[in-house]
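Below, subunit A partners subunit B and then partners subunit C, in two separate complexes.
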Partner chain A sequence: MESSKNGRESNEEISEKDENILSFLDSMDTYLTLMDSLSSTLRQGWLELASARHSMGASRINSTLLDLKFHRASTTLQVNEQSAGPDRELPHFTLRKWASSNNPEKNFEEAKFGEDELLKIKSNSLRRRDTSQSSEIQARSPESVGTPVSVDDLAQRERSKSLSMFGTLVSPKLRASQVSFETGTVATLFI
Partner chain B sequence: MANRVQIRTNSSAFIAMIADEDTITGFLLAGVGNVDLRRKTNYLIVDSKTTMKQIEEAFKEFTTREDIAIVLISQYVANKIRFLVDSYNKPIPAILEIPSKDHPYDPAHDSVLSRVKYLFSTESVASGRR
Partner chain C sequence: MYGFEALTFNIHGGYLEAIVRGHRSGLLTASDYNNLCQCETLEDIKMHLSATEYGPYLQNEPSPLHTTTIVEKCTLKLVDEYKHMLTQATEPLSTFLEYITYGHMIDNVVLIVTGTLHERDVQELLEKCHPLGMFDSIATLAVAQNMRELYRLVLVDTPLAPYFSECITSEDLDDMNIEIMRNTLYKAYLEDFYRFCQKIGGATAEIMCDILAFEADRRAVNITINSIGTELTRDERRKLYSNFGLLYPYGHEELAVCEDIDQVRSAMEKYPPYQSIFSKLSYGESQMLDKAFYEEEVKRLCLAFEQQFHYGVFFAYMRLKEQEIRNLMWVSECVAQNQKSRVHDSVVFIF
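Up next, the complex of A and B:
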């Protein structure tokens, strides 16, 4: 009786370990797929940047034009703790895109990512290879009467500010490159 | 409980970058660039003139700053300071190796996959069984 009980317990332990290993291998598969997705997004961004450089001229798009005056990043992260068990905590990242430089705590698009949530979302999103739409992106406005349109306007304003370091009139390819790298930033959060 | 790693919370943290010019330019267009009052940036552009010492110092600076949550580093740059990257084990800031324009992503050199490979290696499994 005792030996069969011990046998059952060890079978349960083995199946639990097998589950953990399978879950771990799934995570690694997800990691590789996301890296592949990030690579292709960045490749697209580099190609668009090269096209913009070709049309605008190399002197108009280079590192010497980067703004070295004091300015805050428009895209930041909020890091919180997320409990994953009695002795374990995981970092929980929230991406804040295009926060206004005047009011960095207000008016931004917010994408929440937790490791466990991502793993659940990924199993669906990866089959569609559409990571940008699977994230929980919410447009948030602090005013109760604010509309999503005002947040988009502010985001557009911040985007234009970023582009302005390369001049007032910029190639559409540079704008496209900006969008690609924005998607790449979101993809790094997924990873 | 004694070994519990503390997660450093932050309401407004930055993404740091150590990469080539085009990658940095692209991410700066995405609004990730930050310059503080002392003109310190959250990025380092690596080119042919950048020394290994500069890369090491930037990596050490970004991984010890409290306002940085993620460090993006091009894989070919990470290979130059592989000993530093592999010995880093804090959860925040998180390190992510990304491909670069001239050096595509190589899974054989990825630090995350190297650790996985070690976990599943025969030596590791054998030492666990003893």
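Up next, the complex of A and C:
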């Protein structure tokens, strides 16, 4: 009797350990895929930046044009600990993109993720082996302020404002580079 | 009178035309670019360039090399060649050669003013200026607060002074005003250069006016595409287009109201020389437009060498050399970023 009870317990322990190992391998796979996606996005961004430099000229795109005046960050990440039950706290991520330079409290793209939600998004995308990881991340609908159309316009305006240090009339390649690095920022959050 | 340059050109311009044609034969060929595209590191690029006329300029550069170093040293070679030609030139060739550098002067002025607005150190900015566009009082640009001061304190004694009449205001300098100033100055410079070439007449006028007209049209297209989705109004956009070129005036009217790349394409395809350029692009795409324009420009610049006894060869050589430096910059970036599969996206072969 006692030996069968011990046998059931050891089967349960083995089963639990197997689950832990599978979960770990799943997370590792998620991590590697996200890293690969981030690397690819950043490579694309750097090449687009070089292409913009080639198109507009080295005098228009160089590090000496970066603005040293104090200004608020347009993208911020806030991490809070939230209670998820007795003796358990989970990190909660809030990503605010393109905060208005005129009204810093107002931001046009805000996404709040709990850790569980992040894990669900990652596992869903990985089950499909979706290569468009960045589009999956981008498509996650944020809690936005105002109507979707006006949020896009205002976010686009803030994007243009941040590029204005290189001039008001910049090449589409520079804008594409900006979008790539923006996608990379979101991918970093998921990692 | 056109046609009689053969009698008198060589008296003052013969030596320098021979010099510039010699420089032309030193431009990199397709096989040079093929070798460069197969390099694995920037050191390999340096090794390949050591067998070209860039060798003496790169041989003492220490490792690790950076792409900006390669571009700087190659630009130094161009500057040395230009300065030699300028010191040997007599009028009107010397004025013609000076006109070639005014575009770089405008870029340098805007760089200093923009950098100062962003609270950057003046010395840092001066190091990034193009050497062909330097002038004595350039560092004093940092003290100006608006365009009126910019003109009064610094630019009144420079060759850019006549170009400022259209953009002098007392408004403080900001990003939008600086951009409008840049494009207004460049427009005035191109129109002045065009008039100067027409005044010279003969083969110089024929060849240079065609090249400058293409430049004006290309600028109009770039201004249109870059201003899509910005706060620049249609009237402001129209004012930045030059008052000459194939697109002037009806093409400009259409470009001024374009809201996307496909409308730009529709406006440009009415002009046969540009129809061939836009036919290389797919709908909605503008990434390869720069390369298509560069290829067309290189074709026109190479044709300038088919005729003798005119000043267009000097302008053509300078522009071809700048294209070569752009090619080297792109190849270096692709090698440095391990993206050699993309190297042919922007390399324009000259020969």
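One rule holds in what follows: the second predicted complex is superposed on the first by the 161 of 191 C-alpha atoms of A that agree within 3 Å, B and C clash if a C-alpha of one lies under 4 Å from a C-alpha of the other, contacts with A are read in each partner's own complex, and residues count from 1 in each chain.
Simple rule for what comes next: contacts are C-beta pairs under 8 Å (C-beta built on N, C-alpha and C of every residue); 3 or more make two chains touch, one makes a residue touch a chain.
The structure displayed is predicted, hence computed values, not measured ones.
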#### Entry: Fit or clash between subunit C and subunit B when superposed on subunit A
fit
### Query
Between subunit B (first) and subunit C (second), which does A:60 come into contact with in this model arrangement: first, second, both, or neither?
second
### Task
With the two complexes superposed on chain A, say which partner A:51 touches: subunit B (first), subunit C (second), both, or neither.
second
### In the superposition, subunit B vs subunit C on subunit A residues touched
B
#### Entry: Spatial angle subunit C-subunit A-subunit B, Cα centroids [nearest 10 degrees]
90
### Query
Given the touch rule stated above, what does A:168 touch, subunit B (first), subunit C (second), both, or neither?
second
### Task
Based on the superposed arrangement, let me know which partner A:181 touches: subunit B (first), subunit C (second), both, or neither?
first
#### Entry: Partner chain in contact with A:39 - subunit B first, subunit C second, else both or neither
first
### Query
Is A:28 in contact with subunit B, with subunit C, with both, or with neither (first, second, both, neither)?
first
### Query
Closest pair of CA atoms, one in subunit B and one in subunit C, after superposing: how far apart in Å?
5
#### Entry: Doubly contacted subunit A residues - partners subunit C and subunit B
46, 50, 62, 66-69, 165
### Of all residues in subunit B, those that touch subunit A in their complex
1, 3-15, 21-37, 39, 41-42, 45, 69-70, 72, 91-92, 94, 96, 98-99, 101, 104-105, 107, 110, 112-113, 116
## Note on the structure
Touching subunit B in the complex, subunit A uses residues 28, 31-32, 35-36, 38-39, 42, 45-46, 49-50, 61-63, 66-81, 87-91, 93, 96-98, 104-105, 158-159, 162-163, 165, 174, 177-178, 180-182, 184-185, 188-189, 191
#### Entry: Complex interface listing, subunit A residues touching subunit C
43, 46-47, 50-51, 53-55, 57-60, 62, 64-69, 156, 160, 164-165, 167-173
#### Entry: Touching residues (chain side subunit C, partner subunit A) in the complex
68, 71, 107-108, 110-111, 114-115, 118-120, 124-125, 127-130, 175-176, 178-179, 182-183, 222-223, 225-227, 229-232, 286-287, 290, 326, 329-330, 333-334, 337, 339, 342, 345-346
